[in-house]
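To start, the structure under review is shown below, and the notes come after it.
Chain lettering (A, B, C and D) follows the sequence in which the chains are written, and residue indices restart at 1 in each chain.
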Amino acid sequence: MEISNRKWSDDFFQKEREEVLSQWSTGADVDLDDAVAYHKSLPDSQNAALKTLKAREEGKTLLCPSLGSDTVENHKSLLLHMQNEAGVDILTSYIDSLTRNCRFEMASQGLMKAEATGRPVLNGFPFVVHGVQKTREVMNAVDLPSMLFGPTPDARLTHEIGLAGGHTGYSGGPMISFWNYTKNVPVESVIHNFQYINRLMGTYEEQGVPILYAVSGAMPSVSPPSLMIVPEIIEVLIAAGQGVKHIQLNNWLQGHVAQDLAYIQVLKEKADYYLKECGFDDVETITYSVSPTGRFPVEADQVYALISHFTMIGVMGGVQVCGSRTIDEALHIPTKEGSAHSFRNARMFLNMLQPQKFDISGHSEIQQEKQIMELEVDCLMKKILEIGGGDIVKGTVKAVKLGILDQPYSTSQLVKGEVLGVKDEKGAARYFDMGQLPFSREIKDFHREKIEAREKILGEKVSYDTIIQDMTAISAGSIL
Amino acid sequence: MDSKAVLVTGVIGEDVHVTGIRILEHALRKDGFTVHSLGIHNSQEDFISKAAEVKADAILISSLAGHAEMLVQGFREKCDKAGLKQTELYIGGQLVIHAEEWEATEKRFLDLGFTAVAVPFNPPGNVLAELNERFCDSRKKTTA
Amino acid sequence: MEISNRKWSDDFFQKEREEVLSQWSTGADVDLDDAVAYHKSLPDSQNAALKTLKAREEGKTLLCPSLGSDTVENHKSLLLHMQNEAGVDILTSYIDSLTRNCRFEMASQGLMKAEATGRPVLNGFPFVVHGVQKTREVMNAVDLPSMLFGPTPDARLTHEIGLAGGHTGYSGGPMISFWNYTKNVPVESVIHNFQYINRLMGTYEEQGVPILYAVSGAMPSVSPPSLMIVPEIIEVLIAAGQGVKHIQLNNWLQGHVAQDLAYIQVLKEKADYYLKECGFDDVETITYSVSPTGRFPVEADQVYALISHFTMIGVMGGVQVCGSRTIDEALHIPTKEGSAHSFRNARMFLNMLQPQKFDISGHSEIQQEKQIMELEVDCLMKKILEIGGGDIVKGTVKAVKLGILDQPYSTSQLVKGEVLGVKDEKGAARYFDMGQLPFSREIKDFHREKIEAREKILGEKVSYDTIIQDMTAISAGSIL
Amino acid sequence: MDSKAVLVTGVIGEDVHVTGIRILEHALRKDGFTVHSLGIHNSQEDFISKAAEVKADAILISSLAGHAEMLVQGFREKCDKAGLKQTELYIGGQLVIHAEEWEATEKRFLDLGFTAVAVPFNPPGNVLAELNERFCDSRKKTTA
């Protein structure tokens, strides 16, 4: 079957499920009817999709950490600590990176070592090794919804276990997984695996269990937001194609207020627009924001300021869910104490700002950013749909080859890797190199002018060294 | 063009953190090293066969996801067996997943046969200076 | 001599100086020529007035803590720590509260106890007990400018020592000292003492030593900003009357972004306007902001968020100097470590935001706040000047008696104390009770409507209990 | 109107922190206590003469600036001499200027003859409940 955005047939899906469920012993315990019954036994307030929709209605911003630990005991106490001490509204279970790469045997060894020594060994919760019942043991201990977290090219079995285990969402996606988590895996394979996951989510939806799917597009490295938005919209359309009904749009904030706020607006508007364009009328979208993935400062004093800064942008952007890095981000896997400190900080900032309903969405600088971002997104989306003959999946596969879809600092060797971003004189991300992106004169001139303004201040041409400096600027104490 | 040393660089295991080593590679090349970059997702064997092929003076392993210790078990021995006794081994990034004294981390990797272990959070410049100094020394040693 | 805004004659000033300098033994060491020579031996970068003017030119925001310790050793190491570890740009020396109340004998005992035990006893630096040389010992140890800090009804001798000791500024003023630091002292006495201080500053200016005088107006307790702005303008005019040339306008932020930003704009514009109106053409004004004086939360996580929040407002307001409370504000006199943590947080937030030059000053909500604030300020200022026959000092004395100048929670028994503020449904401070303020229908309606909006949400009338709740809301974790 | 007890309240010494005690006075009055408020800047003698005049059941001293210990030395003894042996003494606010264990602070003031010392940061409601309970007890004791 050639890959396309058509919905998988039941046969095709069931055949592949058998294979997937046999990848590790715990697969045998997955029973969809039982899983649906389990979900229905949980209150609505423990469903991520329903809880975020409610927040959208009420104009509220929820807080959501991202962490995970290896043993059931550790992970449970981590989530309970976040619920009770950090006061967050939604939980996440990070998947450890061995499990993400289907190295279940190694994950199992790591888990055994962790259980034996009491010292954490894995960098997340190894869903597959634990299996459905152990996962439910965690979910039964908490009152909040929890989502799986972690992009990766093949999380099919992890999803079977995680969703049957009571999780009601996942953050990740085929594009981000391809760009940032693979070396040699073709994009079509990654999309295929995500179609499986999305079809599984669609199946839960058909059985009356809403599942929240968070698209992520690409990790920024001083990236103009269209580099994230376009792959995110692609992920949205692929998900909708397999019957996903509740989508969270992740915004990867980089710290420039006007650009980040424009990003939040454009992603939401364009995702809704292209969903409609492609005939998906019953998909709900909510928005999420989180601080960037560049290197963090080591000093907690400074990270607190970043947590507040990014919470400010999230609240001003009116997102339904606000994530945050933690004060120990630079140092090690966040501890539960570190996470609680961080989210209490985010909560206080939120509680100061949100009741004010201070709306700056119409600010001229935001609108300017928005306008150019929309041009960029439409230009790329149209081209991709065009070369795909109207099929987003086919278009995507071709676009990656042609460099019409491209990323800086991608881990994949199958990516052109020609595009590069650099900051302008106010700290916004601009295109330093547009590679093969089919941008218009207007877009090119805009970025060129912005970069020239920076060069004027620097007194020299922007170079690769400038880019490196920009990538580590925040950890060194300043946006620029 | 005289190269200061021939290096093989890459990220080991299931780790995807590529930014740091990319930045380092750029700095190293600019500074006159010959760099063979393997990118992410490399096994011990990937490093060894490339190093043997290019007659590497050193292998630089980057690892940030915190599983380094598991992933480099027996690496020194395998290198020796593959005829890379002269090849020095360096490792850097964020090597453990829990908070621990730097000295303890360093010792753990020195015991595994690494020549040196890079402190995390070095800006590219520092790392470079450090490596340069070490490589000059190692060069002297090798030629002496 | 009846009190008025006329400049003091040299005779009158010198006669009073003799008296003041004889209040405590250290007064004898004050020699103006020597002091001027000492100031001129210091670099411009150690002069608060020159440094802030430079910041105004360059569009930069400086950071300034407020602390002080009792012994020379403690105070010196505190200031050095702030300079070197906290990275601030301007220092302050808090005056301890015994010295502020001219209880020099008790301050001397406290200092001796502190010196003997090594444990801090006084809540600030007892300038008078220390004398000129000991004060210079501190100033010689640091590279930054330092200002005296602390309103009080009679800081005449403290200023003689502090300025001769190398300090180049003072934060305080007659109105704030009257409202918030006296019980039975008539406003005319406080003004008299400040005319002395201002005349002393004027004398330094005439000798070529710029001194920065920071006016403070009144401490807010859920106060609509006109309650601070009007007394601040009064302090500005009194200071200008005695020859002060460099004035810092302190903005006491309360956390509501639009209202606080309007406050910063209105204070600056109206201060400059009334200076001109009253014929003072050569007075430079710069702006300062700091977080409120209401009770702080105990948890450092939360205080960090407040530090960031108030730094955000200061930076967005384009102030030249940004102060901050510290993470240990609620607990005890700030330690040097606590202060350093706090200012590193403020610095990071500033470094993220300021390079963006994100200008929201024209925002409609800010403009709305500004408009009503201007009406209020002009209404009060005109009335005060009118009843003073054009003399601001005479007008002020009368206005206090009539309640045209009034404050909530004043410590003075000579104040009407009828006005009261309460928060509206978005957290801005509104007039709950206008007492005798001669406000127009338009102003009255505005506040009434805002309060009604809050009452709608509360489902009950706003009462004194609401006010108490509002006053402790931030320490309880939210603006509302 | 039956009053639960007659109280004299005020801030001692050069301290200007008046907000806390004002809020407390409001709550106490609403709750049925008779409150004679002295505001700020009171000496020990100010408290004593007012207490004698109104036959106070208790004196409530507020102090936040951190100099409380200096300011209340010998207060219990002076009260006793002035015929206020029955008058209970309470103190609250932020009593010391350095970070110290609450127990140490409390003991220091109990040793000075105070009936009770209020923990800082109590919301008005808590303080009220606390005082109410104490006053009921003290009433019982007095009438017993």
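As a convention for this text, contacts are C-beta pairs under 8 Å (C-beta built on N, C-alpha and C of every residue); 3 or more make two chains touch, one makes a residue touch a chain.
The shown structure was predicted, so the numbers you read here are calculated from the model rather than taken from an experiment.
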Most contacted chain pair (by C-beta pair count): A-C
Inter-chain centre distance, chain A versus chain C - centres from mean C-alpha coordinates, in Å: 46
Centroid spacing, where centroids are CA-atom means, of chain B and chain D in whole angstrom: 69
Centroid distance [mean C-alpha coordinates] between chain C and chain B, Å: 57
Centroid distance [mean C-alpha coordinates] between chain D and chain C, Å: 31
Contacts with two or more other chains, residues of chain A listed in rising order: none
Chain contact topology (line, ring, star, complete or other): line
Full enumeration of touching chain pairs: A-B, A-C, C-D
Touch list for chain C against partner chain A, complex: 255-258, 297, 299, 301-302, 304-309, 311-312, 341-342, 344-349, 351-353, 355-360, 363, 365, 426-428, 474, 477-480
Residue ranges of chain C in contact with chain D within the complex: 97-98, 100-101, 103, 106, 109-110, 119-123, 180-184, 221, 295, 298, 328, 330-333, 335, 409, 411, 413, 464, 468, 471-472, 475-476
Chain D - residues contacting chain C, complex: 14-16, 18-19, 22-23, 26, 39-41, 65-67, 70, 94, 96-99, 121, 123-124
